[in-house]
Each structure stands twice: as C-alpha cells, then as structure tokens.
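Have a look at these structures, which come just after this line.
What follows is chain A paired twice: with chain B in the first complex and chain C in the second.
The block that comes next holds the complex of A and B.
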C-alpha cells in the first residue's frame, strides 16, 4: 500500500500540531513559570528561581480561607451531584421509562445554558425569597451545573453494560434494591467515579455563578484570583493558579484511570 | 416479563429520576424562568410592560455592545473551526500514543479554571509578555505593543479557551468516518489533500457545524475572559448584564438583556442538539 500520508502532510501537519500545542499550553506554562520567580513582581520570564511565593500563599489567611470555602462547596456538590446524577442516569437507562429522549435532554440542558443567565437567576431568586446569596445557594447552583457530567458518564458506561446480568439476577430472585446494589452500581462504577471527579473539578474551578453569588463570607478560590486580576496581581496569584493547575492534572489522571479520557471526551 | 412486571418496572426508573427532576425544576428552570418574568414585568410605576426591551433597542450604547459581542463571536468561531479541524483529524488518524497525547493536551486546558487560563493570557498579551517581545523581534511593532484591552487580545484568548469544544465535537464525527472511504479515494487516484477536501471535509461537516454552533453560543455569553482581557473599554453583552445586575442593581434591565441573549443562544443550541442527536444514531 502507498503511504497513507504524503511527506508534505506529515511535515506541515507536524508543524501545525506543534504550533497549536504551544498555543494551547502557553498560558498555563507562563503562569507556572511566573510563580517560580524570586523577584518582587509578576514577570515572564521569571527572575531567578524560588518557592518563596508558595510560602507566601500558604501563610496567607485570605487564600487559605478561600481554598477552604472552595473545598467545602466542591465536596458538598460532588456528593449531591453524584448521588442524584447516578440515580437519574440509571433511571434514564431503563427502556421502559416513557419520554426518555426528552428527559435526557432536560437533564443535560444546564451544560448548554449560559451560566451567566443561570447565575443572575439564582441571585434574583435568593435575594427575593431567601436571605441573599450563601454558601448553600452556591452549592445548589453548582450541583445543577455538575449533575449533567455525572449523568453523561454514568449513562455512557451503562449503555455498554450487559443487561443480561441484571436479567439473570432478577430470574434468580433478586429484588430491585439488590439488583441496583449488586449488579447495576458495580457495572456503573467507572462512570460514577469519573463523574464525581468531573463534578469536583467543575465546582472547584467555576467562576461565573460564584461571581454572582459572591458575598464577603463566601469567596471561592477562583473568585479570590479574579479579584486580584482586576487590580494588580502579584506572583502569589501565579502560585495559587499553579496549585490549581496541579489539582486539575490530578483530576485528569483520575478520570483517565477510572473511565478513560477518550470515552469521557467524545 | 414485560406484561407481569410492567407496572412495578415503571416505578423504579420514575423513583430514580425524580430527585434530579425536582432539582432541575426548583434550582434551574425556576431561576431562569424568573428572569423571563422580570424582563417583561414593569420595573417602575410609570413604565410599560416591555419598556426594558424598548430601552435596549433605543440605546446606541447597548446596540454597539451587542454588535461587538456578535462580531467577536463570529471571528472566534471561524478561528476555532480553522484550527480545530486539522487537530481533530490528526487526533482521529494519528497512532494511539500521539492521539492520546493530543487528547490530553486538549482536555487539560479545558478542565483548568477559566480564571487561571485568562490570567495566563493577561501575562502573555500584556506589557513585557512573550507576544510583545516576538512582535518587536520581527520588527512588526516599533514599540512595546500590548494586546491587552484590544479586540484582537479577546479573540486570541477566547480561541484558546473554546478550541477544545470544537475539537471534541468534530473528533466525535471524524472518528466515525471509516478509513476505508479515504483509502478508496486514494486508490482511485485522488491525492491526500484532494481526499481531505472532497471526502473527509464534507463528511465532518455535521461535527464542524455543531461545534461552531456550540462555540458561537458559548462565546456570545462568555464573561470572565472578555471582561479581564478587554477591560471596561470593550464591554460585551455579558459584562453589560453583570454591570446592571451587580453595580446598577437594575434587575429588570439586566433580565431583559439576559432574555435577549438567551433567545440568541437558544436559536443556536436547538439546531446544535438536533445535529448531535442525528450524529449519534
């Protein structure tokens, strides 16, 4: 067989890919590099190498309390979104449920609706009927936003699962609860884990709803960074951002291990 | 068996989806619906029901903001399609290890907080950043050129932020094109580029179109990146809405602008969802 790709395509393609990858990674690389500066100011390339700004961040009351807020919200959100989303995905995977396609669309709709519109809606609702924005309000908003990820990953796994196993369990006398517990949940495990990691990551990183529901008491880490960016960022902002990039890398690895990136991404 | 277990079988899935539906109705559809109501209901005693919309269309400032948002979104979409197609094709046809590497390098930026990515672009495009240095090196710019607070800067940063959506949507479609189709064209004498243009590109069109609709819809409503890169001098619709909702506290007007944005975005997303459904079957 003739070569599938002519040399010119390989060279041009390779060059184009290299350029695109530089373009994609440039902003992240610059942040990481700038966080390592020994100097007083935010510069690229950094001046000298040191971890002094990481020490600064870890000693900063403001950053630590924001990180704690983000962690609290993301943990609540991960639990709620994973439980509710998994149940919904299992329900949606049952052929006998009427209106499945429509329902599936409704469940995925928070993924496509602009979060600025959702954010302002939440702000209005909590201001009119509640006591204004709170940590719980933010967690509720993030649960809506992240549940579709869980529904999607769990549904993807269940679509490939063998229905004969549950049928066999049923024939052997297992009731609905036992079948869920011993057959369906183990079958969905990879999807549930990947969905949970997704939910945690999206909630921890989210910036738009957090901006609308921001109060002095509820300031997440992305909001702290955003606030700094509006004025004059110091290398400490780069250090926090680098820590957030590292966390994202961990989540990506976890998703790859639990379900596989390829399956999640397309 | 379907007959005997039918009734009981229906209870289980309904019980399972109920908490999710309750959450979506209470915490999603209700707040969004609230915006629609607030945009129509008169905000002051002397104002009519549709006054917020009338105000939008009568004010030159808001029309210019809407036009800028539309224009930039169009540019961003075109650029992501142009860059995204070759990247998605490479991902679909590259050897396994390379495909995985490309996927990883697409997903990693996508999953990084948009605030962090925008921060990176602020440094790249700002004074003393690498882009400025490069432009000066090639003599393209006499003095330290700063792309921060320019429309070019917004487009560059937004393309990086949204490219993964285009690539992943297109990849899903290209991965479904059987390589035999390309081989057939090649065996019949078509060159690589001709095959790409006349076989792969037309077949990837559903992916490119739905990717474009998605990217366009997201960029129309994006806030963080345009706001930080463009600054106060170059507001887009989302920043105008934020301004009204948080600083001016004119919720009615903010809701009216949100409704207009929602209508524009839904007009794009409905065809996107229809295309995605057809691609899946």
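The block that comes next holds the complex of A and C.
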C-alpha cells in the first residue's frame, strides 16, 4: 500500500510524523533533563549533572505522603471503576436491556462532560451532605471519571467475542453465574485489564477534581507538584515528574510482559 | 413413537415471519435433516428447539415433557454450533469435560476420564491438552462434536455440521457422524442448506420454504419424487413442465405450452398440471428420431456424466446424459421420455 503514494506525499507524511513525535516526546525529554540539574533552579538546559533532586524528593515528607495519598486513591478508584465498568459493559453488550442506548450514553458521559463542572458539583454535594471533601470523596469522583474507560475497553473486547460461545455454554447446562465465570469474564479479560490500567493512570495524575476536593489532609501528587510550581519551583518538581513517567513505563512493560500490549490497545 | 414433537411452532421477528406454524414429529434415534435455502426458517427452528429463541406460538415436547418455556441450560439437549463455539481458553479435554462439570454429578477425576474416552471416540485423545487455536478447523469440530455427545443429550442438534470443512474433510466427517449415530443411537437433527449433505446423511429430510414445511420424506423418496415445484427446483434433480392433460382414445396426452404432445401412461385427470421429470429420465436423441423438439443450450461436463441445458419452448430443462454424447450448443435434438417415468406435482399448476 505504501508503495502507491508519490514520494512527495511520503516525505510530507514522514515530516508530519516526526513533528508529532517531537511534540509528544520533547516536553518529557525537557522534564527529564531538567531533573538532572546540579543547580538550584528549574532550567533548561540543566547546569551540571546530579541526582541530588531525586534524593531531595525521596527524603521529602510532603512528596512521599502525597504520593501515598495518590496511590491509595488510584487503587480504590481502579478497583471500583473496574468492577462497576465491567458490570456495566457486560450488561450493555450481552443483555437485552430496555433503554440500552440511553444507558450507554449515561455510562460514557463523563468522557465528554467538562470535569471542572463535575468537580464543582462534587464539592457542593459533599459540603452540603457530607463532612466536606475527603479521600473517599475524591476516590468517588475519580471513579465516575474513569469508569467510562473501563466500559469502553470491555465493551470493545466483548463486541469482538463470539456470542455463540455463551449460547453453547447455556446448552451445556451453564447457568448465569457459570457463564459469567467460564465464558464472559475470560472473554472480557483483556478489556478489563486495559480499563484498569487506564483508570489507575487517569486517577493518579488527575488534577481538576483533585483541585476542588483538596484539603490539607488530602493532597495528591499532582496537587503537590502544582503547588510547588506555583510557590517555589525547584528541580525537585522535574524529578518527581520523571519518577511518574518511569512508573507509567514500568506498568506498561509489566502489562506487555504478562498480556501483550496488542490485546490491551484494542 | 414420536420422541421430539414440534407442534405448530411459529416465530415472528417484528413484521417478518421466520416460522409459520411448523409441526414435526421425530422418532427416537432417527437422523433428520432440516433443509432449505437461507432465510427459510431452519436455523430459527433449531434455535427454538435448543431454547436459544422463544417461539411466538406453538409447543415443543421431548419424551412427553413440555420444554417450550424451559431455559436451554435445563433442556438436556446438545447443540454443535457452526462456528464450533469452543471455549478458547480451555484445552480440548476441558472443553469436552465442560458439560459434565456443569452437571456436577461426578468428581473431577471421573469427569476427565470420561472426557478422555469421548475424545478417543472422535480420534483426538492425543490432542487433549491443545487449546482450540492450536488445532485445525476439522480438529476443532471433532472437539465440538465430542463435547456435544458426552453428556448423553436427549437430542443432538447440529448447525451446518459440514459447511466449514473442505471436500475431503467433509467426507470424513460425514462417515464419522453416521458411524457415531449408529453407535450411540442419538436422536439427531441437523440444519443444512446443502441438498447433497441432507440427502447423504439423513434418514429423513424435511424441506423448509418460507417458514413452512414444503416436503417431509426419506432422502430416496424426495429425490425420486420431489412432489412440489419448490422441492424439484431446490434439489436441482428434476424439471417441472406445465402441461394440459387431455383424455384421448388410448389413455391420456399431455399438451405442452408450445403445442407439442406427450403420450402418458397414467394421469391425475384432465386439466392443467405440473409434470415432474427427473433429469436422468430424459433421453437425448438425434432430430431424425421421434420425441419432443428441443435445442441444446449448454453442455456442462461433470466427470462421469454430462449435464445438458436444453431449451424446450419457453422452458429450460436439465438433462443428465452419459459422457460419450457430444451435442454442442445450438444443436437441435429430440427429447425421449418414458411415460412410466412421468410424475406429477402435488400442487396445482
């Protein structure tokens, strides 16, 4: 197929691809480079080479506790969003539900609704009926925000799966619970893991809802980084960002090793 | 005695009628084909029997028990799907074991032993630990077959059992299905759109057309005497010739639409009729011989025999002839028909 394009189109296409890659990777590269500076200020190019800011971050009570908060929230969110999203996707794609299209729209709406509005709404709701923002409130907000990713990935995998397998299981005497266990969940597995991965990642670096629901006790890592940048931008910000990039790469590698990325990407 | 009874079963999807009141009684241990073109309702009927579709009206009983409202998991029937529908993450052995596992009557070891035994029955015990994706289509189908028969179902349903196989595997599978049927005596019902598959496998062929039973007969009887215009056309074995029968001094004569006359041995009575002529019961002869005047349109070589398409008035007839006959297209010929081989359609003209 590629051979059919004229050389000029190939050159233009290559150029466009190069630009896309530059814009995707350059900011990351700048952050990584800036984190390695030996100087006092967040600058590029870095002045000298050192890991001192990494030491700084790892010794910082504030960074570690906000990382711990983020991890707790993201873990709760991953579990809740995966369970609810998977159940919703299975219901939507395998059962004849009345108002199916409407339900699908409702479950996917957080993807398109501005999260700032949702954040304000959550703040008001928890202030009126709860004891104000809390870790649980933030986890709840993130669950709503990330559940559509799970619904999407699980529904996509199930749409490709052969529905005759579940019918065959029925004729072999499998009731609803056995069919879920032996047919539908194995069919949905790739989508569930992909959705969980997205849910974790989105929650871990989400900043809008976290901004509205932040309290002195509940400060996530992105909020900590943001606050630091606002008041005293040190290269520690770059170092902690680099650590976040590394963590993401590690998760991707782990998924690739255990499953194969191709399964997750579909 | 009827074992599986389908009583006036109908199915409508919105405004389309897939099945229009079908009744059918199937004896214990018989091997029955549901034959018909796509959209005739045969797959819908199979799915209704399996419980995967609910009939709009009608009743289904097995061994006297009404199963119409029973969910598929409690019908104790087995179905082999066209796509095989093997559980992709389970080995051949685990797939075959699955129905026993769902019944939960024996321990795991006994279930595995029986699964292995059934795999051996279809000649696949050496591939027990393979996953479906590591097996060929033919092997996967054998696993599906083993899985369908392991739990001793009351009725075995097969959806297009040979359609996904190449010519040689089809023959193997055909022999295998017949041998299994003889050995286990399972009441078997299968769906196919392929008339050869139906005629070669089944004791009895039920021909469906537009949601109704068109013909229900043994394979031999159906081939010899299609009986209806649809059957004659769908089986491709016979020609339909509209004629007017007249009583004459020496019996009956059929007058064709183009005015040619054919002497008959017997006739259902005077009036407009449909004459059914099997393609091998028409003999081609040179124009100097007696017979109906016709012209060769095409000659199709079939190996041991030759099929001619012959123009007779406004009709096109199929004629099977020995391969040594050499009539090129355009040749005028005479068609000779033994009056004893004339059959009549059961329907009106």
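The definition used in the following text is that the second predicted complex is superposed on the first by the 245 of 266 C-alpha atoms of A that agree within 3 Å, B and C clash if a C-alpha of one lies under 4 Å from a C-alpha of the other, contacts with A are read in each partner's own complex, and residues count from 1 in each chain.
Here is the rule we use: a contact is a pair of C-beta atoms (placed from the backbone, for glycine too) under 8 Å apart; a residue touches a chain by one contact, two chains touch by 3 or more.
These numbers were taken from a predicted model, which means no experiment stands behind them.
In the superposition on chain A, A:35 contacts neither chain B nor chain C.
By the touch criterion defined above, A:106 reaches chain B but does not reach chain C. After overlaying the two complexes on the shared chain, residue contacts for A:164 are found with chain C alone; chain B is out of touch. In the superposed model, A:153 lies in contact with neither chain B nor chain C.
Contacts of A:175 after superposition on the shared chain: chain C is touched, whereas chain B is not. When the shared chain is aligned, no partner comes close enough to touch A:69: not chain B, not chain C. By the touch criterion defined above, A:123 reaches chain B but does not reach chain C.
Judged by the number of chain A residues each one touches, B leads among chain B and chain C.
Listed in rising order, the residues of chain B touching chain A in the complex are 2, 6, 8-10, 12-17, 19-21, 23-24, 27-28, 30-35, 38, 83, 86-87, 90, 93, 100, 102-109, 111-124, 128-130, 157, 160, 163, 168, 171-172, 175, 183, 186, 191-193, 214, 217-218, 220-221, 223-224, 228, 238, 241-242, 245-246, 251, 254-255, 258, 261-262, 265, 269, 272-273, 277.
Partner chain C is touched in their complex by these residues of chain A: 162, 164-165, 167-175, 178, 182-183, 186-187.
Note for the complex: chain A touches chain B at residues 2, 4-6, 9, 13, 16-17, 20-21, 23-31, 34, 42-44, 84-85, 87-88, 90-92, 94, 96-97, 101, 103, 105-107, 109-110, 112-118, 120-125, 128, 140-141, 143-144, 147, 151, 176, 201, 204-208, 211-212, 222, 225-226, 229-230, 233, 237-238, 241, 244-245, 248-249, 251-252, 261-262, 265-266. Taken in their complex, chain C has these residues touching chain A: 50-52, 71-79, 81-83, 85-90, 98-99, 102-103, 147, 151.
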